[in-house]
Structures are given as structure tokens and as C-alpha cells.
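Got some structures for you, see below.
Two complexes come next, and they have one chain in common, subunit A, joined by subunit B in the first and subunit C in the second.
After this line comes the complex of A and B, so read on.
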């Protein structure tokens, strides 16, 4: 029983880390650009398929390194030529635009790579369990956790130690004032979008090794990511991270005791948070 | 007067469909303090927002040291050496004092984080405090310090004395005259008529989006009747 619970908590942590990666990117974009990026799951799928296509040439590790960067570059281009055009307009415009983009990404990947699920090759030694009693602890799962922790820590450093990060944080509060201080806010929003999409691309590559490849790979992750933002508190990076992990673990535990509720549990959590602390667990005060 | 740092001609500015500025023309003398007076809603803040590019004028022309800036975005105007201290200070409450000072872009000049700390020692003491923990006076100093880090040739301030204790107001005006002494051109919007006439070289009075008076500060200060009649243009009373 203990092992079963541990197994599901571990599963929950990993899926929660995916939610968190997605949610942090969504939250960065939402805070600075006031755009709810429904195409985020589409970018995740692009990252996954790019890694798949690159792997024969540059190997698994090369794909892991390069695919998220290429996805981020695609993000920079999409922001510059499409998304930046709807800034400052009614939110309906950006909703429609990113919703349309999500469809384009999904059908685009289906057209290029096919509708059927593809296997994504992870080096064999990463797939074997670390010990026989904890069969669910594979090297790949450890790798995912280490990578996600490292990337989130790196993001924290960027946000608190670099001028780019300071300007993004200042801009989430008051972009107008950032612009009168001489900061090119078009470039700032562009780079911020790129950072968010990088995280989505990385989540995609890692998810491909865990869940396999299909054009709708991002769909199951996007709703929990929005909920992670609401639970953690919009604008708080730490809160969003916490929100993602909480949802994942809650899902894992619910799977053990009440499997049919594992989908519903995050909505219950969201409802509770909205009732008790509408600004989210680390909203406002935790705003960073 | 040697020349003009900033010249605006015939500005017409709108918020949506409401026409706020009706052909504002003004000049900011190089190395001088120019002040804009007027009651609430006269268009003072809108004039400044048009000059710095936040609410671009629909008609008219703005030049900064001879270069036209009418259609430029705010950050490009700032890059040319226009520092702006906005109404309500607008400091970043979620950042520390020191982080606030790292937001502006670097333009070469005497003002660095170190030299603004020398100008405002209080900010250095509070360098690790978040913006939201500062008093109104400290916020005003931070807002001025932040604008100075651009090493501006023109400093534009929107009601810097608003809501501050008299002692702090004196300090703010002392800084403004010090900037003029260092050769900076200053454009000041104020409700505090007495204080601004004391430091200003040239004064404009705005009423309903138009220039109602333009002259030297000394002339206006000397002519109590004129001052009263200009104040009487407004329904609200000035703080004279």
C-alpha cells in the first residue's frame, strides 16, 4: 500500500512539474502582455515533435537541448508578427488569435508527423528502475525532476538577478512607467514571450519521453496549468510552481483512493482556494 | 535665452473621442525651469503625457533639441534624454529600491546608482526595502532618482509635491533648482503655485486645454490681480 501511494505521489509530482512548467510560461505571458495564450499546448507539441525529428541527427541529448530553443525562436516570431498586433485591444482578439493558433499547431503537427501516436526513444539505461523495490523510480523520471528544478531555479535567477528579469517584473506591475524609463517594451514583451515558450518546448520534449507523441499532447496539460495559476496566485512564480505540484500530487493520491475523482479534484481545489483566498495561495503578498 | 530644449506646436490630444488639448504650444528654455499651472482637469497632465509619448498628440509637432519626436514611442523619447517623473510617482512596489533603480536604461552621464544615493542618502539606507514600504517622500525621491539615472537633458515632473509634508516639498524644490544649476532643463506641472513661481523662470497657465497665459514667473508673481484673475478662471480655488 505504501508503495502504491508512493508510486502515485511520484507520478503526481512529475505530472505536476509539467503543469508548473506550462503554468509559469502562461503566467509570465499573461502578466506582462495581458494575453491568455491558448496556443501554449500547441507550442509544447511543436517542441516534442522537433525533438523527435532532430533525434536521429543529434541524438536524445541534442534534441533535449536544441528543440526547446527552436520552439522559443518560433515563439519570438509568432509574438512579433501576430500576437503583438492585438496588444492593447479587447481581450477577445487575443483569445481568438491564440485559439486559432492552437488549431493551426495541432493540425500542422498532424499534417507533418501524422495523426497516429509515435514512440519517442529515450536512451535505454535511463528507462531502467534505479532499484527493484522502487520500480517506478527510473533514471528518466529523475532526469525530468532534476531538469525541471534546474530550469525553474535558473528562471528565478533571471527574474531576481538580471535587469531583464527586473524589467519584466516591473512591467507586470506598470509597463507604461517601464517605457518612460527608456526600456523598449516591444522587445521586453517579445523576450518574455520567448522565455514562456521555451518552458513549453522543454515540457514538450520531456513529456514526449514520458507520454509518447501525439498532436494533442498539450491538450491534457493546458487546463490544469490554468488552474495551477489560479491556485498559486497570478503574478507569483513561486505560487504557480506550488500550484502545479499541488494539483499533480492531489491527482496522484486521489487515483489511489477514488480513481474516478482524479480529474475532478483540481476543480474542487480551485473552488476551495477561490472561496477562502481568492487572490491565490501566494497572490498579492507573494507577488514578486 | 540661449535656446529651447523642447518645443511643442499646436498639440491636439484626445482620450478616445474626448478632445482634451486644443492646440497647446509651449517652449521649454534650455537650462531654465518652465512651469505649467492650472486647476484640476485643465489638461496639465495630458500635456506632459503627450510630450513624453504616452498619450500621443493627434495633431501638432513636438521637437526635442531640434529632433522631431511627435510620433516616437515613449522609450525612444526617453532615450533622447527626456526624464519623466509621473504623477503619483509610479514606483514599482514589488521591487526593492535598488531594483527600481536598475530598471532605467543606461545613458552616459554623471548620474549612476552611486551618485543618486549621494543625492538622496535616505534611499541608500532603504535600498533593500520594497517600494511599497516607502513613505510618500521617499517614493518621490525614488521616482526622481529613477528619472535622473537616464541622465536626462530635460526633466519633466508631474505634481511632485502632491501629498507631501511641507518640509519634503521644500526638499523637492531644492533638488529641482539644483538640477537647473547643473544645466538641466526642467518642465514642472504643479498645484503649489507659490512655490513653483518662486523657482520658475517661465510660466504657462492652462485652462480647458488651452494656454490662458504665458509670461515670466516674476511678472505673474508681481501682479497679484492678474494672478487672482487667472486663478478665478477656474471654478476651483488654487492653493495660492
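After this line comes the complex of A and C, so read on.
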């Protein structure tokens, strides 16, 4: 029993880390540009499929490095030519735009790579358990955790220690003033979008090794990411990270005792947070 | 009708004339069921627009209430009593009740945050319908039931087999619902909602309880949405969890925008275009989803005011 719970908590942490990776990207875009990127799941799928197609040429590790970067470049292009055109208009339009993009991405990946799910080859030695008593702890899972921790840590360094991060954080508070101070807001929003999409692409590659590939791969991850943001508090990256891990673990534990409620539990958590602390666990009051 | 203004009533009269005569001409362009589909989706879009266009609140989770209406009607007919009327009532009340309960949690939120929370709450019902196989039929949907003929005691109306009779049944419900929404919008209550849309802070300063008004508008909108959902279940004699799915919420929003959110009949127009377009595309290409996505992008970038917006601009020029 202890091992079963431990297994599911571990599982939950990994799933939660995925949610957090998605949610942090979404949250970055949302707080600087006031855009809910419904196409985030679509970008995740593109990252996963790119890694799949590149793997025969540059191998698993090459794909892991290159695919998220390519996805981010696609993100920069989409932002530059489509999404940036609706900034400053009613947020309704940016939502509809990314909504339409989500349709196109999903259908596009299905058109290019087919509707059936594809296996994604992970180096064999990564798939074997590290020890026999902790059978669930495969090398791949360890790799995912290490990578996600490294990337999130890197992001926090960027946000707190570099000029770009400082400007992004200032921009989320008061974009107009940042613009008056001589920062090119257009480029700032573009780069910020790219960072968010990079995280989605990375989540896609990692998810491909764990879940396999199908065009709707992003669909099951996007709703929990929204909830991670709501629970953690919009505008707080630490909060979003915490929110993602919390719902992941809660899901893991619920799976042990009441498997059919494993999806419902995060909605219950969201309702509780909204009732008790509408701004989210670490969100600031009065932002929304 | 003391102050019947013909000029103001012209749009209403045109729409009504088109809808009442629809079974006479629809077969030249399409088929009756598609006409019924337009009326059902038109009701849904107009219900959403009550909140979206007239109160200025961004809901992206309305599919949930559409789905509740659909499942409420279907499950009532399947499990409780094979009565169309009871099904419609239960479905509508189910949507209303859910909206009343969820409302207090969301009325404090605004803008994209409101949109995100409504969409997340909507998914709850999707998962319930998806997971609770034994009752809802899970992913396969709920079958094994049919809309029943209406029995008024003195007369029977066979809406089950005759599509034209069913169309008029839906149309009567549509007209009643739309008339109620129209009257509400012309009342002081409706004017208050528009004031909230135009300037929330100023409305608050006037001593109006903004959150309470948004809650009321939300409940009204969701109730009519559920009514539309129950009609949709009757139309198809079938429901499945996709009625709840968040993509469907986006479709309702695009109907409003495509037709024109600032116009009373705009969403109806948007619904007609969307339903027809989807019917055409899904039979013409397997990649119809991409085209639907493209429609979203094109509408947002080039026609943000919708068809009615364009017509109006042409009229004022």
C-alpha cells in the first residue's frame, strides 16, 4: 500500500511537472499580452511530432534539443504575423484567434502525420527501472524531472537576473510605462511568447516519450494547465508551478482510492480556491 | 401596441417572415433538419449574446449549459418519463440550477480570467458525461430514446416523425425565448446590463450592484442556453459528451462575432452561416476542421464586427 501511494504520488509529481511546464508558458503569455493561448496544446503537439520526425537524423537527444527551439521559432512567427495584430483590441478577439489556431494545428498535425498514434523511441537504457524495489522509477522519468527542474530554474534566473526578465516582469505590471521608458514592447511580447512556446514544445517532446504521439496530445494537458494557473494565482510563476504540482499529486492520490474521480478532483480544488481565495494561492489581490 | 414603430420592427418582421416560411423554400437550398438546426443554434447564440454582447462579460464555457440541457432532456425521456415536455423542462432547469450555483464563484472575475474559469468549469460536466458510462453512455453518447409526440389532451402533435411539425414546435419555443430576452433587454434591467458593459465603474458609482446584475444576466443566459441544448437533443434523438466540450463553447462565441455581437439578430445570422458552412465543409473535405479554424482567423482579422456590423456601416454611409 505504501508503495502504491508512493508510486502514485511520484506519478502525480511528474504529471504535475508537465502541467506546470505548460501552465508557466500560458501564464507568461497571459500576464504580459492578455491572451489566453488556446493553441498552446497545438504547439505542444507540433513539438512532439517534430522530435519524432527529426529523431532518425539527429537521434533522441538531438530531437530533445532542437524540436522545442523549432517550435519556439514557429511561435515567434505566429505571434508576429497573427496574434500581435489583435493586441489592444477586446480580449475576445485574441481568444477567438488562438481558438481558430488550435483547430488548424490539430487538423494540420493529423493531416501531416496521420490520426493513428505513433510510438516514440526513447533510448532503451532510459526505460529500465533504476532499482527493483522502486520499479516505477525509470531513467526516463528521472530525466524528465531533472530537465523540467533545470528549465524552470533557468527560467527563474532569466526572470530575476536578466534585463529581459526584468522588462517582462515590469511589463506585466504596467506595459505602458515600460513602453514610455524606451523598451520596444513589440519585441518584448514576441520574445515572451517565444519563451512560452519553447516550454510547450519541450513539454511535447517529453510527453511523447511517456504517452506516445497522437494529434490530440495537447488536449488532455491544456485544461489542467488552466486550473494550475487559477489555483496558483495569475501573475505568479511560483504560484503556477505550485498549482501544477499540487493538482498532479492530488490526481495521483485520488487514483489510488477513487480512480474515476481523478479528473474531477482538480475542478473541486479550483472551486475551493475560487471560493476562499479568488486571486489564487500566491496571486496578488485586485489584479482581476 | 400603442407605439408600434414600423421602421424599428422591420428587422424582426423580416426574420420572422423568413423563419415561418422556411419549410416552404428550404428544400431548394438544403433540408428541413438543417433549418431546425439553425433555429436551435440561433437560440443558443442569442442566449450567449445576452451575456457576451449586452453585458460585456466574456464567457467561454457556455457549452456546459447547452450540454446540461441536452443531457437533462435525454436522461429524463430515457429514464424517468417518456415525455418531451418534461424533458425540456428538466433540461432547462438543470442548466439554470448549475448556473445559479457556479455563478457566485465567477462573478467577481473579469476579462480573460473570467473566460478561463468558465471554460474550466465547463469541462467538469464533460468529464462527468464521459466517465459515468452506466448512466450517460460515456463516449458513445446516450441512445435508446426518442422525442415523443406531444399530447395536449384535446390534440396530438406528431413531432416525432414529421420534421416540419417538429420545426414549428422548435420555432414556437424559439420565438417565446427570444421575445422574453428582447423584452428583458428593453426593460430597465436590460439597460443596466448595457450600462455595465459600457462603463462598469461608473455604473457601480451609481449604486448599482454590478456583481448581482452580472450573476442574473449569467443565469438568464445559461437558462436559455440549456433550453437550446434540450432542443438540440430532441432534434438529433441523441446526445454525446462533445456537446459539453470546450471547443463547442468557442463555436458559440464565433457565431455571435460572425453575425455581429452588437445587434439583436446578429448571432442568429452567425449561427445560420456557421451551421450551413459546417454542413457544407464536412461533406466536402475531411479537413473541414482546418477550414473552420480558418474562418475563426479570417473573422477576427478582417470582419471583427460581423455581418450585421458591415450592413450597418453600409447603411450609414
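Just so it is clear, the second predicted complex is superposed on the first by the 284 of 288 C-alpha atoms of A that agree within 3 Å, B and C clash if a C-alpha of one lies under 4 Å from a C-alpha of the other, contacts with A are read in each partner's own complex, and residues count from 1 in each chain.
Note that in this section a residue touches a chain if its C-beta (ideal position, glycine included) is under 8 Å from a C-beta of that chain, and two chains touch if they have at least 3 such contacts.
The structure displayed is predicted, hence computed values, not measured ones.
For subunit A, the partner with contacts to more residues, out of subunit B and subunit C, is C. Shared-chain residue A:93: touches subunit C; no touch with subunit B. Shared-chain residue A:169: touches subunit B; no touch with subunit C.
By the touch criterion defined above, A:267 lies against subunit C but remains apart from subunit B after alignment on the C-alpha atoms of chain A.
Shared-chain residue A:182: touches subunit B; no touch with subunit C.
Overlap of the subunit B and subunit C contact sets on subunit A: residues 288. Against subunit C, the residues of subunit A that register as touching in their complex are 30, 34-36, 38, 82, 85-86, 89, 91-93, 95-97, 99-104, 106-108, 111, 223, 226-227, 229-230, 234, 260, 263-264, 267, 270-271, 274-275, 278, 288. Contact residues of subunit A toward subunit B in the complex are 163, 166-167, 169-170, 172-174, 176-186, 287-288. Interface residues of subunit C, counted against subunit A in their complex, comprise 52, 58, 60, 105-106, 108-113, 115-117, 119-121, 123-124, 127-128, 131-132, 246-247, 250, 253-254, 257, 287, 289-290, 292-297, 299-301, 304. Residues of subunit B touching subunit A in their complex: 52-54, 73-75, 78-79, 84, 86, 90, 92-95, 99-100, 102-105, 107, 146-147, 149-150.
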